[in-house]
Structure formats: structure tokens, C-alpha cells
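The same subunit A turns up in both complexes below, where it pairs with subunit B and then with subunit C.
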Partner chain A sequence: MKLVTAVVKPHKWDDVRDALETFGVAGMTVTEASGYGRQKGHTEVYRGAEYDVTLVPKIRVEIVVDDDDVADVVGIVAKAAQTGKIGDGKVWVQPVDSVLRIRTGEQGAAAL
Partner chain B sequence: MRHADTAWVLVSTALVMLMTPGLALFYGGMTRAKSVLNMMMMSFSTLALVSVLWVLYGYSIAFGESDSQLIGSLDNLGFHGLNGASVLSFAAFQLMFAIITPALISGAVADRAKFLGWCVFVVAWTTLVYFPVANWVFDFGVDGALGDDAGWIVEWGVQDFAGGTAVHVNAGAAALALALVLGRRIGWRRDPMRPHNLPLVLLGAGLLWFGWFGFNAGSALAADGLAATAFVNTQAATAAAVIGWLVVEQVRDGRPTTLGAASGAVAGLVAITPACAFVSPLGALLLGVLAGAICALAVGLKWRLGYDDSLDVVGVHLVGGAFGSIALGFLSLDGGILYGGSAVLLGKQAVAVLAVGTFSFVTALVLAKLIDLTIGFRLDREDESAGIDLAEHAESGYDLTIAGVGGRTQAAAPDPVAAGVPSEAQRDEGRVPA
Partner chain C sequence: MTAAARAERCRSLDERLRSLLAEAVRALPEAAGRTALVAVGGYGRSEMSPLSDVDVVLLHTPDLPDDVCAEVAELVWYPLWDDGVSLDHAVRSTDEMRSVAAADWKAAVGMVDTRHVAGEQSLVRSVRSAVLADWRRGARRRLPQLRAAWAERLDRAGDLAYSAVPDLKDSRGGLRDAVLLRALVATWLVDAPHRPLEEHRAALLDIRDSLHVAAGRPSDRWTPELLPDVARLHGVEPEPLDHQLRDVGRRTGQLVDLTWSRLLHRSSPRRRIRTRRIDRSATDPFAFVPAAADAAERGVLLGPSAAAWFARPSATLPDPWPEHARRDLVRLLAAGPGLVPVWETLDCAGLVGRFLPEWSGIRLRRSQSAVHRFTIDRHSVETCVEASHRLRDVARPDLLVLAALLHDIGKGPAVDGADRDDHSTAGAQTADKIARRLGFDDDSATTVAFLVRNHLLLPGTAVRRDLDDPATARAVAAEVGDLDRLELLATLVECDARSAGPTAWTGWRAGQVHRLVGEVAAVLRRTGPQPTPVEHLGGWEPPRRLGATGGRDGYQLVAEAGSHGSRLLVTGPDRIGLLADLAGTLAAAGLGVRAARAATRDGVAWSQWDLDATTVDTGRLKLRLDRVLDATTDLATRLDIASPPATAARVRVLSGTSATATVLEVRAADQPALLWRVFRTLADAGADVRSAHVDTLGPQAQDVLYVTDRHGRALPQHAADRLAAALKRALSPH
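On to the complex of A and B.
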């Protein structure tokens, strides 16, 4: 099993979710996040003072998927979140040792 | 005093009282979330402290009968000898002015003033500065006839209907002194320190605007045409000031902000305060739009000059109050240059602004320095970083997460058995999945 983590633009989040649900992903964890990459934020003027907004709002999506589905899920997320402009975000994959469904006690792929 | 007049003054008194909680919201929303409670407490503590002082000796020092044009007397300590609707309603009305003036100063010291230091400052400054200055501006002498026993500013012919000098220049100058003594907040200039709750700021500005009708129209001390004039001009100037401030933001920054709308309203209210009974409605519009634009530019000064006037007390109250007072030299229907008057009024207005501003600034500077050297005025760096609310009041303004602050009462310490934690033996048996 793998943990797929994606950080995407907030306005692309609905597209990502729709695409993942269509593919059959049963659940995910979503957090509002802020950060920066090459986008590096932007300059704003507020009450006469100019300053850099270095942390940009993002949505962080975490999904645990079976090994066979990893490539598909990553591709789906990337396609749905892409605008081609700077700041589209990242997707990364990490190995997962074990998963337990708390309600039933099921383990491994059965718990996904 | 006719009953109708008493009724209007008492209603106005209640309106002005509401301005201080309004100010607490206005300022509280502008701070960061970690210091909203301390900011609001500075207003609420002032409400309590000054009310007590007023009854004990404040009214007497400000308005007790005396031959002096600078100060009252000790004749009315403990409200001794004050009887009847006329004097009691005046005493109550003036108390609300004495409360909001020091409360206004608190915006300059957001996030970093020890609460005890603030309380001592309020008591000392109100006693040494506000009470005498209230005499200068608001003591109209016996039966309002002016004369040698009236305050020197009002007796000299300076026009300050509701306290442009006594309230706004006074508070603004003290605010500058406190900002200088306490120094800049950690991260000033580096961190944006944007307001954490703009709806609170707008609600507070709305309450201030509402209460200000009592402040300005109530200062007629009668339910008459003068009160109605002040009322109309207050609305006209404030509305124009909102527009003036927002136009500056639109042109300079590209976007009009809610903070600008709220600040513009206050700037207009401040500027029309001395002028509300002395200008035409068109004069009020002009005064307002200029005040909004000037204050919008003035709040940027702190970045250039390097003082941390956190919530722009100087930029709005000192600048707005001075502008409104001095503009009367041109716009007053009674002696203004645009209405056929000479420069005499203009000169007197400027002298009054300078006198009140200098007296307040110097005294506040000395008091703040003394407090800092004795009991300490500036919060520890660590407490300031973590947030003054927790450090000084053991509270936080918002507890929005399910996990709360993570605390537990001692009585509710968790029982491992009830919580289902496996015993050592069970763990050895490997019943817990890896």
C-alpha cells in the first residue's frame, strides 16, 4: 500500500475530488494548508504597507491506495489539478506499513 | 433645564457609554487573534477605573467651582453637593467622555503593554491630563455664562463643540508618547500583523458611529436646534469621510478595504467632533471627505517615521482631531475665513491644538517612562510572542478546535482501565496489531 499526498490549488480541489471518486477511491483526508514552492507568493499592499505574502493557501489531500492503483491515482490527481500555471502543486508517494479499519478490525488492503 | 433637555442628555450619556465597548470591538478586531482579549480589556478596565475616579474626585477636579481657568476645585469630592437634573445629567454625560478618551489611547500599545501598567497609566493620565483639559474645554462657567471661572480654551473663543482637542488631540498625542516609550512590537515591519476579525472592526465602527450622535448632538446639552444641527453634520461628515478614505485606497492600493471603510468612518467622526455645530451641511461634507483622505494618508506615516502606533490612534485621532479643529478656522460659519472671518479664529484653533497636544504628549511620556522604570510597562518578549491574552489574562479569545486547548481539570484525569489501554501482560501477548 502507498500513501499518496497531493497539495493542490484550492479552486482545483473539486475537480480532483470528482476525478478520484469517478475512479473509485473510497475515502480521503483533506486539510487546508498553506505553503510555497516556486510560486513564492506575491506582493500585496495593505493599509499603505507593502509586504510579501509568502504562504499561499492550498488544499492537501491524503489517500492510502493499493499498490496497483498508485500510478492511476497519481495520474488522475495530476491531470485534474493541472492548470499549467506556476503554483499547481505536487503529488508524492510514500510506502505504508499497515492499515487498520477501526470499526471492524480489518487490516491491509481490505481496510481501504 | 427643561425635562426634554434632561431626557436628551441622559439618552446621549447612554449612547456615549456604548462607544467604549464599541471601541473595544473596533480595536479588538484589528489586533491579532492572540491579543484580542487584552485589547478589549484595556477599554473595559478604563470604563471601570475612570467611573470610580469620576465619582471620587474626577468631576470635582474638572468642573468643581473655582476661580481658575485651568482646573476645577475639590468642592465636589464624592459628588458632594451635586443635586438636580441639570448638574447630575451633565456630570454623567461628561463621565462618558472621560472614559472613552483614555480608552482611545490603548490602540497604540496593542499586544505588548502589561495590564497593570496600563491600569496605572489610565489612573495617572486621566487625573493629571484629562480632568484639567476637560476644564479648559468644557467648563462653561457658572450657568454657562463663561467668564473668569470658565476653562481658558472655551473662554478664549476657541471652537470645540464636542472635544476635538479635549478628546481626540489629547488621546492621539498620549498615544504617540506611549508608542515611543513602549517601542515596536516583535516582528514589526517584518510581519504583516493584519486584523484578525474585520467583522468585529465593522461592528465596533458601527457602534461608535451610533454612539457618536450622543457625543456630538448631546453636547448641545439641550434637545434643540443646535443638537439637530450637530446630528445632521455628524452624519454628513462621516459618510463623506468613508468615501474619502476608500477613494485613496482605490487609487493607491487598487482595492478598497473594509478596514478602510471602518477607519474612514471614525476619521470623519473625529474631525466633525469639534465642528459639528459650527459648519453648514455642505461644510461638513467637505470637512469629512478631506478628513477621510488625509487620515488614510497619515496612517502610513508610522512606516516612514518608525513608531509602532499599532492601530493608528495617531493617524486617525491626533491627525483627524487636529485637522477638524484647525479646519474650523476656514469652515466655521461663525468667524471662519471662508465665511468672511479673519485669521484670528484659525490662530486660536491652532494654539488650542498645540497646547492640548503638547501638554498631553509630554505628561504621557513622563508617566509612561516612570511606569516602565518602576513596575514595568513592556511585556516580556516570550509572553508577547506567545500572546498577551494567555500571559496576562489566562484566556484565549477563540477556542475553535475540537481538541480545545488540550487541558483537563485535575478531577478528570484519565483512568487507563476505562480508556481500554492494554495492560503490560496483554501487550506481551501481542493482542495489539502491529
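On to the complex of A and C.
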């Protein structure tokens, strides 16, 4: 099993979710995140007050998937989130030792 | 799940305890006549739920040896533990019982409901009467502690009526509040209506018992997941049961609020606030609106007896509402946190249902969204409270507070659970009708409907659309139309989110929405319609022939009386500082100004003042004005000290509005002498007021001033900025 983590632009989140649900991903964890990569953020002015927005708003999606699905899921996320412009985000994959569904006690792939 | 079942549980446990103590006394005869078992807490009140803890005290005389006490306790407690009873136990002498109650108010409140179960009855009787006597004697000293703990509990546990996930025991209006009321009544300082209180408590206990059974543990959290199971145990549908519980909580909470209020007034007479005396002979069906607004602004409760009097069958409310009633309603909605209890009282008395029947769709209705911390009705009222802190951010605070109240009015049963946008569309139609009924004009009603329909537009776009794409801001700008609406919508969105809960207005979301608003504002500044200059709005033109109503040699004052205010017309020779003297004279005479228009033509100044007072003695007012004009009365000394500014004002130079005058906009909390301060600051700077347009919207004064230099020209930008800064200083706390 692997943990796929994606950081995408907020307005691409609906597309990413639709694509993942179509593929059959049953659940995911979604967080409103902020950060920056090579674009280094920018500055905003609101109601006359300038405030520093070095952290750009993003959506962080985390999905635990079976090893066989990793390549597909990464590809789906990348395709759905791509605009071709700076700040499209990243997807990365980490190994997962075990998963337990708290309600039923199921473990491993059965708990996904 | 009834009182009979609870009584049966207690009776069965009483019997078990009686037999256990009797056996213990048989084994240890020296304990006979010197021990008793006392039920306290819920067991003492005979209201144990199927899974409640059992609070029992083994009471003994002070001379009973410790080893005997310990043996009796073991003989009673161990069999109960073996039975699986969840026992909360204590062993105390009669003296200890009294000293514990004296040292710990929580223990004292628990002992108000002590009940003899087994053993020597006289021990229990004497302890109970001593504890109650101590409770009454120390009540005044303990009340602040008790109230602080109550407030802390409410902060933590929320409100049974309105919280998304309330606690049947700890929330406002819950079981602990019912116990607290009994303890407060036991002080003999105050009384509460016993019958409704006991009925509410019994209803709560019935539901609490079912909740424990459904949850399988003694949890008092009213979670939505358990609601269907609890409803099944009660044989009713989930929604009516939820509504019933919340209504009982609301009524119990009101009783507690009122009891505290009476106690505080009694223990500290100087806290009494004199509210406007209600004229009980009056037939005005809108009399409740100013009374409610006064109470909310002062942060006092509207008494249920007054609310019941207002709610008596009376003439139907005219449609549309008259101006004075609408003004008072706006004042109520913009009153701030004081609105919450006053609105609850109006609603419980049936007054909200009378003037806003659409409220029934959202009353005590749970929100389907997990981000909401309140029911929909309370969320709407809380949005008004949030809006009351941001009145200075918008040109029409009256529309802001009305839209805040009505933004979720479409979340009634018909569209509940449907697509999020549906409630906005349905709500917009309803809000439009309501605004017209309340006497708002077509433009205002349309704006309120626009705000309700689009209150999800900004957050939805900000998090779902590409803000880097210029088409996003252009599309929103096309939907919004102008900057005033954008300002209203952005403020409403923030108030809505902040009142929904902490997760609805995170820094992340706020940043997204602020960025979108900034970009839409930039689009509208470039391409949006230019606002119509206030001078050209019409409806306030001075008489063409000023000579007929005034002259160059003296000032003429003419008053027109009305049923809910009067209008004063003043004409006379123009000079710098005249408006300051007029506004100061009115303030010194205690005459509140709702609106004013002033203009100058051919050296003659004309001004029209709409006053709160229904009659004005122009003769006396002229004498006062003469004393101000000949400097006999020093307004600066009188007014500066009497009413210093309480909150900061917002002052802007409206660039580009007029080529021939500098236009200043002032938004400030309405208070006595505000206009005098505005005009005096302008006069001190040598600025001539070409025309003034003064309005009061709820608790906020909005003034637009066209000023020129001595030669009748617009001020240079740096002078205009300096004047705006001087006004802001003069109108803000020193």
C-alpha cells in the first residue's frame, strides 16, 4: 500500500475529486493548505491594507491506495490538476506499513 | 422513559440500600441510630436514568468510631459494586457534611436535593436544614462565584436550543440549569415559576433516558447520528423530537436568564437600567419594536410580562410598515450582542411569528452542514451581531443587517438538504417580499434579494474558480454590478462565515475571498457605473424662494410636528460655522437628529432637520440659538464633556464625485453632538459647507458633505486629506 499525497490549486479540486471518484477511489482526506514552491508567493492589497501572501492557498489531498493502483491514481490527479501554469502543485508517493479500519478492525487492503 | 420508570428505578434501589444498611446495623449494633444513607444529586431528586451514576452518602454522628464507619460502608458498598451499580460514594459525619457544603458551592448545590433513604431520619433532617440555612445565609456572597461558573459552563457547553451538538446536561437550558434554578430558588432571594420549570425538566429527563439507552452509555451529547434511534424509542419522527428538545431548552434557558437578572438587580440596585416606560394605553401595534431595540441596545432583557403584553391580540400590522417602525427594527437588528436574548424573548412570545411568519421555517432548525455551530435561526441572529461590528464598512448598514437576518430564510423544510444554491434562490424571493412588507423601497428590497441570492457567490468562486484567470473577476463583477453592492456582499459573506463557526472563516478562506473581492473591486472601478452624486439624488431641494420662509437679517425657525418625529426648517444668512451652531443648539436642547439636509443659495442658508421629538418649541429653541450666536453659551465646554465619541469613525474623501466641491463621507456611531462635531471641525478648518446630507441608518450616522474653500472652489487633494484626518480625529475616542 502507498500514501499518495497531492497538493493542487483550489479551483482544480472539483476536477481532481470527480476524476478520482470515477476511477473508484472510495475515500480521501482533504485539507485546506498553504505553501509555496518555485513561484515564491506574492503580495495582496485588501481594503487599502497591504498584506503579505508569501503562502499560496492550495488543497492537499491524501489517499491510501493499493500498490497496483498507484500509477493510475498519480496519473489521474496530475491530469486533472494540470493547467500548465506555474503553481499547479505536486504529487508524491510514500510507502504505508499498515492500515486499520477502526470501526470493524479490518486491516490491510480490506481496510481501504 | 417516563417519570414513573425513573421513580421505580429509585424505589428499587432505595429498597436494596435499606436492606443493606439494616444488615450492616445488625452486624454492628453500635451503628444503630447513628447512621443513615442519603441520596444526593440525580438520585436524590429521584430522576436516575437507566445508566446514571448513583450518588450516596453514608451519614453518621460525629462520635461514631472511624473503624465502625468503615465497616458499615464496606457492608453497604461492596454488594452494590457486586450488583454492577456505578456508585459515587462518600462517608461523612453530620459536621463534615455541613463544612463541605460551606467550602464547596458545587457540593452545596448538590445537597439542596438530599433525600433520606435508610437509617436514622433525624440525622438527615438536621443536616438538610443546617445546609439549607447556611446556603441562604451565604447566598449573596456566593452568587458571583455561582454566576461565573455558570457562564464558564455555557461558554464550554453552548446552548441546548441552538447549538449544533448540545449537551443535555451542561448546555444552557439543560438539566444542570434546571438544578441551578432550584438552588437559586432555595436562597429565598428570588422565585421562579415552578410548574413550567418542572414540566420542562421532566420532558428533558424523558429524552435524556432514551438518549442513554440509544447510545449505550451515559452520554449527554445530542449528536445527529443518534437522533433517529432516540426518536424511535419515543415513537416520534426525528425532526419534531429535535424541535421539542430545543424548545424546552430555550424556555428553561429563558427562565434561568430571567432569574439571574432578577437576582442581580436585587443584590445590586445600582445595576438597574431605566428603560423607556411602556405606554400601556397606546394602540400602536409597533410599540414592541422600539422597546425591543432599546432593550437590545442597552443589553438588558425584555421581560416576559412586557413581551406578553405586546403579544396580546391587537390590530394587524399594516403592510408596508411605517418609516418609524422600520427605523426601530433596523436599530434592533444592529444593536449587537443584546439582540440575541431580546430576539429569543420576542420569538417565544410569538411576536417574531407575527411580523415575520417566514421565520417558522428556520426556527430551531438544525443545519445540515457540519461547519455550523448553531441552528439556522440562531445563526441568522448571530450574523446580525457580526454585522453590527461592521456597519462602518458599508454604505447601507440597514440593508446589511436585514440581509444578515434573512440570508438563510430559504433553508426551510421545502429545500432543506437540497443543493446549496437552492436556498439562496428561494430565500431571495422571500427576502424581497419581506423587505417590501417592512417598508423598504424597491431599490432596497432588490438589493436585499440580491444579497440573499448571492451570499454564496464570493466564497464559492474564491475556492472553486481560478483566481489567476481575469475572466473570474470579470464574471463576478458583472453579476454584482457596482462597488456599493460588492462592499455589502463581501461584508455579509464575512459575517455569515464568522457566525457559522471557526472552520468556516479560516485564514485560508479569508485570504481567497479577500483576493477575489480586491480583484472584482478593481474591475468595477475601471468598468462599473459611477455612483450618482448625492447632490443630484433629489427629494431634498431647498425652496426656490428663500425670502418667503427666511431672510438675510435674521434666522427663522419653523417646525412641523408628526406622530413619530418632527421636521424643523431653518433659514437665515449664511456664514462659516452656522451649521455647527445649529447642530450644537439642537444637541444642547436634547433633540436627536435622524436626518438633515442643508444647502446655501445666494448667501442664504437653508437647512431641514428631521428630529426624534414629536413636538419642538421653536420659541425656546430660537432663544437658545441666539445665546449660541452671541457666544453666551459655550457649546464646546458643554458638548465635549457631556458626550465624547465612543467608537472610531470612518471618513473618506470621495474623489471624482464632484468637480466643483470636495466630497467627504463620514460614517460614525450615531450619538448626541455628532453633527456639531462634524460641522465644527469643518468650520475650524475654514471650509464652507455647500450642502450636507445627513442620515441615520440603525445605530450609524452617514453624512455626505460637499465642502469648498472661501472662494467656492474644491479643496486641493492634500487639503482634503488633511480635513478628512481632522474629522476622523474629532469623531474618534480621544
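Throughout what follows, the second predicted complex is superposed on the first by the 104 of 112 C-alpha atoms of A that agree within 3 Å, B and C clash if a C-alpha of one lies under 4 Å from a C-alpha of the other, contacts with A are read in each partner's own complex, and residues count from 1 in each chain.
Here is the rule we go by: a contact is a pair of C-beta atoms (placed from the backbone, for glycine too) under 8 Å apart; a residue touches a chain by one contact, two chains touch by 3 or more.
Just so you know, these numbers come straight off a predicted model, no measurement behind them.
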item: Which of subunit B and subunit C A:Glu106 touches, first, second, both or neither; value: neither
item: Touched partner set for A:Ser98, first subunit B, second subunit C, both or neither; value: first
item: Which of subunit B and subunit C A:Glu21 touches, first, second, both or neither; value: neither
item: Partner chain in contact with A:Lys9 - subunit B first, subunit C second, else both or neither; value: second
item: First, second, both or neither for A:Glu32, with subunit B first and subunit C second; value: second
item: Partner chain in contact with A:Thr83 - subunit B first, subunit C second, else both or neither; value: second
item: First (subunit B), second (subunit C), both or neither touched by A:Pro57; value: second
item: Per-residue touch tally on subunit A - higher for subunit B or for subunit C; value: C
item: Those residues of subunit A which subunit B touches in one complex and subunit C touches in the other; value: 45-46, 53
item: Interface residues, subunit A side, partner subunit B - complex; value: 45-49, 51, 53, 98, 100, 105, 107
item: In the complex, subunit C residues that touch subunit A; value: 463-468, 506-509, 511-512, 514-515, 517-518
item: In the complex with subunit A, residue positions of subunit B that touch it; value: 192, 194, 252-254, 257, 259-260, 296-297, 299-300, 303, 312, 433-434
item: Subunit C-facing residues of subunit A, complex; value: 9-11, 13-14, 32-34, 44-46, 53, 57, 83, 85, 87
